[in-house]
Each structure stands twice: as C-alpha cells, then as structure tokens.
Amino acid sequence: MKDFIKVENVSFRYDSNDNANKYVLNDISLNINKGEFVALLGHNGCGKSTMAKLLNAMLLPEKGKVFVNGLDTSEPDVSYDVRKTVGLVLQNPDNQLVASIVEEDVAFGPENLGIEPDEIRRRVDEALKAVDMYEYRAHAPYKLSGGQKQRVAIAGIIAMQPQCLVLDEPTAMLDPKGRDEVMATIKKLNREKGITIVLITHYMDEAVQADRVIVMDSGKILTQGSPREVFSEVELLKRHRLDVPQATELMYRLVGMGFPAESLPLDEDECIDRLSKILK
Amino acid sequence: MLKDVTLGQFLPGVSPIHRLDPRAKILFLIALIVFIFITSNYISLALVAAFIVALVFMTRIPVKMYLKSMKMILFIVLFTGIINLFYGRGEPLVKIGFLQITEAGINNAVFVSVRIAVLILASSMLTFTTSPTDLTDALERLLKPLTVFHIKVHEIAMMMTIALRFVPTLLEETDKIMSAQKARGADMESGNLIKRIKALIPVLIPLFVSAFRRAEELATAMECRCYQGGSGRTRMKRLHFGKADLYGLAACLLVLCGVIICNIFLPATVR
Amino acid sequence: MNIIETENLSFVYGQGTPFEKTANDRLNIQIKEGEFVGIIGHTGSGKSTLVQMLNGLIRPTSGTIRLEGTDIWQSPKEIRKIRFKVGLVFQYPEYQLFEETVEKDIAYGPRNMGLSEGDIRERVISAARFSGLRSELLSKSPFDLSGGEKRRAAIAGVIAMDPDVLILDEPTAGLDPAGRDVLLAQISQYHKERKNTVLLVSHSMEDIAKTADRILVMNKGRAEMLEDTRTVFSRGEELERMGLRVPQITKIMSGLQKRGFDIPSGILTVEQAASVLAAYRGRSL
C-alpha cells in the first residue's frame, strides 16, 4: 500500500505560544509505504525524535497534517487507534519497561487495549518468540543485558500488533553485540511479519541496511533515496557533519585521485571486490 | 553492595506456597498477623510459630534467605525486647539500680520478640514466593470494593508496580553515582554526622534528577502503549481460588480454633 | 618509564558465595608514562572492573597495582590521593552533575583536594578549555546545558583534578557523529598538550584507531594483548574470535591483502588507505 503514513507540510515547535521559539520541524513532507524499511538519519537536534512522536500522535503538528492509515492524527479521539497502528520504541530500554517480570511487561500494552486474557497470553508468547526472548519470559528485566531489554521493549510493542514500528535510536545505548541483536530483530520483523519499520539512528552501518534512507537537517529533509543513492553524496553528508561508511569514503577519495568512477560501495565486501577488479 | 537486600525480594519457585492465589496469600498473611497478636500464652504462641515455620519449610526456599532478612530487623527485635524486659509490673526478680526485671517483664520481652520475628518471617514468605506484579495485582483486586469510596485503587497498585520495578534500577544507579563522586574525591566514610549528610548531596541530587528523567520517559512509553488508566483494562493472568487455597484456608481456621481454645482454657501469660 | 604496573592483579565478585565470578584474572600490565592506550573487549570482559581498580575505587582481591612504583594500597587511608592522580570518567558522566553552576561542579574535585580558591579557579578555567566548554557556560546551571555540553562539563570535572593518568570509559557513547569527532579531537589535543597518560575504553574500533598508541585487549577477565595499535588490528581474526572487530578500513585492506595484493597490514585510517592504494595503482600502471 502506498502512502501508509503521510506527513504533509508539517511544521512543529515546542511551546507554540512563545513566538520566539524556533521551529523544530519546518514545512516537512514525507511518505512511508506499507512494508517499507526506512532509516531516518541526522545529528542530534535535527528533529528526528520530534518526527517519531508526530507519527504516533504523541505530538500533533502545529501546521500541516499527519495521516496514518488514512486517519488524521489531529482529529479528536484517534490517538488511541493511531498508537495501536504505529508503535514507538524509545532509546533507553530501562525507562520503558513497566513490570518486574518480562512476560508481564510485554502484556502491558495488550492489557491496556482490553484484550481477552487467553488472547493476551497468545500474543505475549508470540511477541517474545519473534524477538528471541521467549526463554527469558519469567526473568526480571534488570538482570538482562541492554540488547535483551531493548528486545523485550520491542516485544511489548509487537504484542499490540501494530502495522508499523518507529524506533527512536534504539541502539544508541547498547554495546556492539546488543546493537547486532536489535538490528537482526528489526530486520526479521520487517521481512517475516511485514511490519513497516522507521528506524531513527545515527549509525551509518545501520542505515545502510534499510530500503530507503531519509537524511534530515535543521527540521528539513536534506536528501533521500536508496542507501546507495544517499551515501554517494559524500560531499553533502560531510558538509552536514554526518558520517559515511569507511568503505564508501575510501572509494570516494580514490575516485578523486583518478580511480575509475562507478557507483560507490556500501560495505567492505563490495569495496574489496571493486578494488580488486581495479587493481588487477 | 546495596543490591544484596533480601527483604521484599521475589525468589521464583514451584513450591505449593508459590502456587497459591496471591490474594489468598495476602489474606493468610493478615490472618497470621492477627493470630500472632491475639495469642496470650506460650502454648498458643508456639502453635502459631510452629504453623509459620512449617509454611516456611513448605516454600522450599533456603532458610538462609529468611535469616538474612531477619538479620536486618534483628536490632529492632532486640531493642524492643530489652525495653519490654524492664517494663513489667509486679515482684522484681532482679534489681539493677532503678531498673528491675519482673516475671511479667520477661514474658513481655519474649512475646514481643517472637511476635516481631514471626511477623518478619511471614511477610518475607509472602514476598519471597509472590512476584511483585502478582502482589500488586492481588492487592488491586482485593481493594476493589474501596473504589466505592473514591479511592483510586488501580492508580495505587500501578504506582506500587512501578516502584517495585525501579527499585533495583535506582539502587544500581546510586552505586554508580557514589563511585563517580568518590572518583572525584568525595569522602563519604569519615567526619561527623553533619559532614556525612553533606557528603550525600552530590549523590542525592543526581539521583533525583535521574529519577525525574526516568519518570518522564516512562510516562511517554506508557502512553505509547495505550495506557489510559484502569478503566477498560484487562489482565493476562486470571487469578483463581483453587483447591490448594481451600486447604490453606482450612489450615488457617484450624490454627485459629487452636489459638482461641488455648486462650480460653489456659491462663493468659500476657495482659 | 612505567607509570602503572600491575602484578597478578585479580578481582573476584562475591567471593565465597554461589555467585562467585572472576572479573579480572592475574593481570600483568605495564603502561608507560605519557602514552595513549585504548582498552577494548566486549561487555563483561572485565574492562570496567580493571579501570575501577586502577583508581582505587575497588580493592583487588589479590595482586598489586603500582603507580609510579608505589603500591596504591600501601596505606588504604590515603586512597583518595590516588583518585586525584588517576582520574576516572565514568560512562554517561553527565548524570553525576549536581551543583548550581557548571563552574562549581567542575570545582568539586579540586575543592575535595583542598586547593586554594585561586588555584581552583585556575583549574576550572583550564579544564573547561581542555574539554571545549565555552567560558560563558560556566555560570549556567549544568541542567540547562545541551547533552554534548553536559558531557564535556562532566569530563572537565575530572580533568580539573589534573590527574597524571586520565581514564575515560566510553566517553562518546550516545553522541552523534559530529559530537563524537569533536570530543575525540579534544581528548587527543589534551593528551598532546598536557603530555599525561590517557586510557580510553571504547566499543568503537574506529575511535580507538584514530587515537590510541597502544591497545589493551581484554577477554574473559584476561589481558589477551597489549601492543601497538597497528599490530593489534592486523590480528583481525584473533579479535573476531573474541567477538571483537577491527575498523572497516582495516578489514578492507586486509581483505585485499588476502587476495594477493602486496599492501601493508594494520592500516588504520581512510587517508592512509587511500594513499597506499593510489601508490599501489601508480606502481602497477
């Protein structure tokens, strides 16, 4: 389905009564299709997190509209339905778990939706299996690693059976192992369950794995496209103090030094292949 | 370390006590407390104590854990025991200056100490064998009738759930902040009381700031998960009052009868 | 000269309980005065325990730590003095800010050292400069700063004690690429100017490659390697077996090497790699 989520000319600022306040988002428009895996990139303060909260009606636009599955998020009484459709996972896993036992925490969302106990049980088990945390269902969250806690947080949202998952820097506080676990979980949910993913991150190696990358800067979209298209704009990204994968940067520099130009590689294997062909 | 506190800790298990309905367990605890305080002679006190000790063994939790939680309260037990020792009326058995120990004093001391000790044992048994969520859940359901008097039972239970969930997190954080301030030369181990309290400020302020930040994020996360208070909310776990709970009830009644009979037919040792 | 030496340094958590766990196992490490050492190892490898032992926050179960040749636990009552000499910046240090103003917060360490007001003031100003904190922020409340500024204020709080050894535990965690690069540059600059010893714990191999002279690799509580950065990163396969990786650029270059191209191993930066490859192509053309 096209235009599953539609953001139309949205402007937003915190505390709009104070006219001196700057707009965090400035006349921004974007579409997200159903089943897509989108990475939202940009440095701190560019408006990524605000965008995340607009997508599930935690915040409402000052100007413009956000539509989720055809629902206008600024209509009264739709926020509940919007949040059921678009689940939001936050950065710090410690601060989004409510209960002292893993499975009881995962049940929290479905319980709020007023679902029958047997159905909740089924959804909780399924969600925990989907994030590979089923065997930890009776554990206390504080004894888990960061990556495990974040996967429990994801399960807590999945159990509400949303069509879209928005993740606001879910790996920022994790170690490399935890990051890998969470990324694998996200990709699995996208591939196997067809859940639309909006991943907010500033790790380039994570953005590379998405179908589409949207780069934001000072409340606007700087550029967007497939990872290959976006990361080939090395100059633009560097000017806005954003990273590019080292593989891409190396090739970019070499092209500047007279190496034959082709599209730029995104990961190490591709880079090695490309270089061995050139150097032979 | 602060994390080693055993009081109020949940120790998962599969014992018959673990499997009782948490509501029943709360009621049993209340019943036991009542029993301990209506006992008026050694026989009935021993009866209740024996009943509780039997239950303690049924939990299949190492006795060491119970002793650990008793250790924290030992001071209070001894203190109240000793105070009571000197507060009996009647013929003094021993006289040390203006202090005197009477037979009633000894009896009082023994009763008070045993009552407190048994109380701790019984409450530890409840928290050891019941998950915090089950506990708050059961409380919420037991207190439901109070909503008639506009008491926000659901909100109170939710607050307890969250508090229990964040205790370990905040303890860990306290440890961390203390280490960080010690690394900056904070001296928390020496000096007089005022100096020590002052030395805690660099720990307490960051801790409060962090607790508020966590609370704010948690509120956002709960809203994202469609939390709208207690109305229209269902629960995954269904509590049911089963056979085991009936047996428990029967046992409690038996002990109650025993206590009452002892109290009627035997002379009261205290009051 | 070695500024830090450890001899059979071990630490066991919960000794004598069923939860007993060896966090550090007979470490023998020598850190030279003035060097920049990166510490890598996955979570639970014993890095945090080690750095907390190095500044006397936890006492070793066995073994000794010598700072400039003297056992730091020689007189346990004087352990605070060790903490002033070996400054430790914890992970997410901004959560320890507590004073009314940034200046007072940075002054907390120097004040605990018992310095005069004049000296404290001087220390605060130079520490703020080293950590890249603008001077107009000094009179503000630390809670009004941005995330990156808070981080720098907290680091300044440790730098202000003017330690001979500065240990930073994941100083760039959670920062965006721009914030990370600026902070790393500040730390390198500080190291260059102050000429003291810096130990940097990080999960980011790219950060380590950019800054460290030598790397200490921790695995399962043991010190697996302590060698210069190029040597450690040219042993990529061993690192991978320990669940660690090498910078992407190092991996690309060793991949090319494996395919028979005659290029040096242990390349650490994109700049180096580009010039090596350009030279290689120039030769073969």
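As written, the chain order gives the labels A, B and C, with residue 1 at the start of each chain.
By definition in this document, contacts are C-beta pairs under 8 Å (C-beta built on N, C-alpha and C of every residue); 3 or more make two chains touch, one makes a residue touch a chain.
Just so it is clear, the model here is predicted, and its values are computed rather than measured.
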A-C or B-C, whichever has more C-beta pairs in contact: A-C
Of all other chains, the one whose Cα centre sits farthest from chain A: B
Chain B and chain C: spacing of chain centres that average the CA atoms, whole Å: 44
Whole-Å separation of chain centres (CA-atom averages), chain A against chain C: 31
Chain C to chain A touching residues, read off their complex: 42-43, 146-148, 173-179, 181, 203, 206, 243, 245, 247-249, 251-252, 255-256, 259, 261, 270-271, 273-274, 277-278, 280-281, 284
Chain B residues within the chain A interface of the complex: 10, 12, 131-133, 161-162, 164-165, 168-169, 172, 213-214, 217-218, 220-228, 232-238
Of all residues in chain B, those that touch chain C in their complex: 173, 176-177, 179-187, 201-202, 205-206, 209-210
Sites on chain C touched by chain B in the complex: 52, 55, 57, 80, 83-84, 87-88, 90, 93, 95-98, 108-109, 112-113, 143, 157-158, 161
Partner chain C, residues of chain A touching it in the complex: 43-45, 145, 172-173, 175-178, 202, 241-243, 245-247, 249-250, 253-254, 257-259, 267-269, 271-272, 275-276, 278-279
